[in-house]
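Labels A, B, C and D are assigned to the chains in the order they are written; within every chain, residues are numbered from 1.
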Amino acid sequence: MALKTVLEAVRDGLFEEMRRDESVFVLGEDVGQRGGVFRVTEGLQKEFGEDRVIDTPLAEGMIAGVAIGAAMNGMRPVAEFQFADFIHPAMEQIIDEAARVRYRSANGFSCPVVFRAPYGGGVQGGLYHSQSVEAFFSHVPGLKVIAPSFPYDYKGLIKAAIRDNDPVLFFEHKKTYTLPSIKQEIPDTEFIVPIGKAKVVRQGTTLSVFAYGMMLHQSLEAAKTLEQEGFNIEVVDLRTLRPLDRETVINSVKKTGRALVVHEDNMFGGFGAEIAAILADEAFEYLDAPIKRLAGPEIPAMPFAEPMEHFFMPNPQKIAEAMRKLAQY
Amino acid sequence: MALKTVLEAVRDGLFEEMRRDESVFVLGEDVGQRGGVFRVTEGLQKEFGEDRVIDTPLAEGMIAGVAIGAAMNGMRPVAEFQFADFIHPAMEQIIDEAARVRYRSANGFSCPVVFRAPYGGGVQGGLYHSQSVEAFFSHVPGLKVIAPSFPYDYKGLIKAAIRDNDPVLFFEHKKTYTLPSIKQEIPDTEFIVPIGKAKVVRQGTTLSVFAYGMMLHQSLEAAKTLEQEGFNIEVVDLRTLRPLDRETVINSVKKTGRALVVHEDNMFGGFGAEIAAILADEAFEYLDAPIKRLAGPEIPAMPFAEPMEHFFMPNPQKIAEAMRKLAQY
Amino acid sequence: MRTTDKVALNGAGEAKSPQVQSVDQPTTSGARHEVLGLKRETLQQIHYQLLLARFFDERIWMLNRQGKTAFVISSAGQEGTQIGIAHALQPGHDIVFPYYRNLALVLALGATPREIMLGQLSKAEDPSGQGRQMPSHFGLPRLNIMTVSSPVATQLTQAAGAALASKIKKDDKVTAVFVGDGGTSKGDFHEALNFASVHCLPVIFVVENNGYAISVPLSKQMHIQNISDRAAGYGMPGVTVDGNDVLEVYRVAKEAVERARSGGGPTLIEAKTYRYRPHSSSDDDRFYRSREEVEEWKHKDPVERFERYLEEQSLLDNATKQKVRKDVKRAVDEAQDYAEKAPYAAPEMALRYVYDEEVR
Amino acid sequence: MRTTDKVALNGAGEAKSPQVQSVDQPTTSGARHEVLGLKRETLQQIHYQLLLARFFDERIWMLNRQGKTAFVISSAGQEGTQIGIAHALQPGHDIVFPYYRNLALVLALGATPREIMLGQLSKAEDPSGQGRQMPSHFGLPRLNIMTVSSPVATQLTQAAGAALASKIKKDDKVTAVFVGDGGTSKGDFHEALNFASVHCLPVIFVVENNGYAISVPLSKQMHIQNISDRAAGYGMPGVTVDGNDVLEVYRVAKEAVERARSGGGPTLIEAKTYRYRPHSSSDDDRFYRSREEVEEWKHKDPVERFERYLEEQSLLDNATKQKVRKDVKRAVDEAQDYAEKAPYAAPEMALRYVYDEEVR
């Protein structure tokens, strides 16, 4: 066992998989000599060489296309987008190509590639270094989308993603990378966390909160506050956004009768909408209150100036307030 | 008054706006000499010349970027993507640039551009000529997203889109382009249809159906079937997906207590999720049944072979069946 | 990469197009084909493949008019380029990323008329995807013919990626990728050639310059005479070749493939050619080009030119000409006959293969 | 395009950087600046702007260390390129698409130190966007300095679009767009230059080649010596210039701007230069480049070189050198003083300007 940050957990997972499987290689901007702008890939090039840890030119569409082509030729590429904000040039390759290689060829070809990207705000990254983009990709059949919250899951899920035979988007919340408060003891023995399983990280009866990444941690904090007020909040860590663990989500609301979804991304058409829609259909008879969503405001992206950025971000206070209202409905 | 198809309605709108305003120009692949692969822009180059009707090289990112730059320099470009399927290379320009020009400059600059794209299936277009992409864009603050159903609205809304001072995505369902059954008498006198207003195209009490494009027409057909079975279906033509006319949507369900959303795009994270989520929150007390969605299956895109394509597409029978189930809940 | 032998047909009783042999050894002097080291059998293969592709093409347009297939996209006029390149490759070993225009290419690489016709008629046995994709969206795992999609130019960076994998694995494979003149305007072209050159990858980029992107002529696509001039901007060799001269195409392709295989890096090949048909069965080319222009190009027909060459070399007599025509007709008849009788995939099959079905 | 004069400060009591005059008339012989037709006042402006940019740059790094600004990205080392280009343009008339590295450029175009410092400290009066964007994401409607975003290279096709609008409107404007060496690897570069060339647009593409895309050296970005070699692939003139020689940069830029304005179409200018600082305040360049390399480049410093030139031409004495340094310090002190006192935008302001607020 060793105490690890999110960042170390991802890095450890990469090291282990690259040692285990020669076909795994890493490519992206500044991932080699620089070890990544967040240093997630630090040390990889030294151990595995320039052939397996590639500093690419600045072109996200190319990074995705090269990864896809290499995957079709027997490799297991792990492509890094320096920020999730800059994944848009690769959307054609990810949505039209990676997600459809197996389908369009009726299983003739496959595309086992992992696309890593740091996402999320509250780090004074401004409009273009704070985005959440999970809503775009979790809508797309053929893709798998992962957004863990705890170091243990980050490691177990990056390893599962690399071994998966289909394209996986792996989103890492940059504000949690080195957050001391969420460090975890991680076993030194090998383990995998299965894709497609959510986790009830806090049992409760008053209402169910669904979240991932930074918002999951803030929801847990808010849940503590409400405990002192006599409310008993259940918190579900979604971990995988596609394929979603519908059973865990629905069962939680069948128990509590109340649902709150929390994410940073703006609300309209955001990931929370799907959770709400599923519950409004499949848990309808169990609902005791409207399904609530707490999300970023309907503005194009997160402003840089601190007062405005703070205004944008959900936080434990806002979440606690939303819990209170819903609990008292 | 003259009887017009959807295609003619869009074309008439383009002619009128280009005559009215010199700053309006059209660019895209094959839009000039060829008059577009669907012939929507037929005749424009003859009347307005090669400067205002531009056949571009094959590069959607460039088409969007050029349109945005021209808009920032005082023009009102109407950019055509030959198929909505091929809009993905332009997502960085549309999402990161067009949608944020006004916001990031705090009103210092603006970006009045219209992005037109034919979407939708059932035309044997296969995986890459049948897609619906409205879910991606209706999620993005700073953009407006329009998806009309009737010729009158196509004309009134394309004109409104061109006059709008912000970026607008204008989606045209290709299967409805020349559909004789939906031709409409359109006044020769000038008119505009406001962006952001839905329309109850069929009054009913049993349940509310929300749709747009081809699915709106199939829902009306299904509603007729159910009428003979004694059910009284309300059908709402959303027309604008962002900004959504929440009031009309919510009021309809407050009246009927039942909601069904229909679209071709796959269900998970599709546009219907947002409608369901809004209703599950703001119309909760009025709901007499689970909120239902009828949508394309969770597969990457529409297969070409007719039996599989037919299997994919919603149709009046499937919609009628969904209505029946919901009505009898 | 996994194979679909279950659907890849190699059954008996089927007229196969001859397989391409690995490249013969060149001699230094004599007739063009001798200088190129092309044996008589190879010339006969090329001849057969040229006629097969042309005849197959005519047949599917007929099927389209008869309402038996909803979509046709044609290689007619461009067979010289595609078959010339095919013979410089090692089919089944090398990796090929075609595009929708490459009927002649995939036949020359060894796809059978039956396999292609099953795709054209969108039947369950279609080895490219059980009829999921539009016709001519090729894909044949047993020959490393990578699955084709519709979005133009996306295959270019993928080909660079496949070649990168070959470099890492040292598998001695060369990757060949095909794109039209229109596709070179898309950023993918720039990004792919740049990456391939930086990493000195074993890949050849083949541009089939037929003068149009649907209706858009070269003059509205680019401000240069030769697309191969762009190679210099990536520090790689670039060559423009008469795409209707199959032997000349073979010559430049062989050189490029050998360079790639021996670690010399990528090459850009521009083949100037012409498509005889409208862009596809959904197009009407009278909107944007004159009949005279089309006729003019037909005088440079790659099939006729190659037959003339064989005749000049007295390697082809009338009897053989007639026999080959009979052979290709039989091959196509058989393929059509089989494919027409073959069943469609069941509707629910549309739900299969979204993800790997062998795990969980 | 709409202006934000309400926030664009031209208030009194403020030390303004001298405005750039429209280009003076050239003579044929004599000293370099005479041949270029640069008047003494223009040389003094350039001198002032070089020192202002350099000093402003040092100041904001200090503010960053003091925790007064969360992000700094620097033009130090690249002032020669940026100021040389600025003087070939007509500020306020011509259109400029900068990128985040262009502090020296926007100051030379006439942005005031106060305007820039308000952006650096993210205050409500920041004319580029009321503090919404990261510092150095410039934008100044009154000078046609178009709003900068973070995604690399997106400005290139937009600049082509702005130039297309000028061509349609015949407004006699030239558009200048700036990008780094790294940005040239992105498809946008290819698509923008191609479109601009096809339509013979009045635009100049300026590549500031400082040898790195963050940590990625040129050798891993491209397989060519000069980025300007890519111009030939678009049929446009391309030139490589010593980016640390402000007069030489001015010369090639003036030629390109005149060609563009007179209908001669676009030009690609590659300025070879170097950044002294890490990529930004979030970077540590010791991971990827040696101190020796940085030191070597400092011997080619554009500011020193220009001062040496002025001295050789006896256009600069020590007294003036000291005075200018005092002036720029005062200008920056004043700007900082004002900006530090200025308020932030109210938090709820984050909700404004998503759409046009003047209609409905």
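Rule of thumb we're sticking to: a residue touches a chain if its C-beta (ideal position, glycine included) is under 8 Å from a C-beta of that chain, and two chains touch if they have at least 3 such contacts.
Keep in mind that this is a model prediction, so the values were computed, not measured.
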{"item": "Most distant chain from chain C, judged by the mean position of its C-alpha atoms", "value": "D"}
{"item": "Selected pair, greater C-beta contact count between A-C and A-D", "value": "A-C"}
{"item": "Chain B and chain C: spacing of chain centres that average the CA atoms, whole Å", "value": "38"}
{"item": "Whole-Å gap between the CA centroids of chain B and chain D", "value": "41"}
{"item": "Per-residue multi-chain contacts in chain A, two or more chains", "value": "56-57, 59, 61-62, 85, 88-89, 92, 96, 100, 103-104, 127-128, 141-142, 298-300"}
{"item": "For chain D, residues that touch 2 or more chains besides their own", "value": "130, 132-133, 137, 149, 151, 185-188, 191, 194, 198, 220-222, 354"}
{"item": "In the complex with chain C, residue positions of chain A that touch it", "value": "25, 51-52, 54, 56-57, 59, 61-62, 64-75, 77, 92-93, 96-97, 100-110, 141-142, 144, 164-166"}
{"item": "Chain A residues within the chain D interface of the complex", "value": "29-30, 33-35, 37, 55-62, 85-86, 88-89, 124-129, 297-300, 303-308, 310-312"}
{"item": "List of chain C residues in touch with chain D within their complex", "value": "185-191, 194, 197-198, 200, 219-224, 229-230, 232-236"}
{"item": "Complex contacts: residues of chain D adjacent to chain B", "value": "1-4, 7, 95, 97, 127-130, 132-133, 137, 139-141, 146-147, 149, 151, 154, 156-169, 173, 187-188, 191-192, 194-195, 198-199, 352-359"}
{"item": "Residue numbers on chain C that touch chain B, as the complex places them", "value": "70-71, 122-123, 130-135, 137, 149-153, 182-183, 185-187, 213-216, 220-222, 282-283, 287-288, 344-351, 354"}
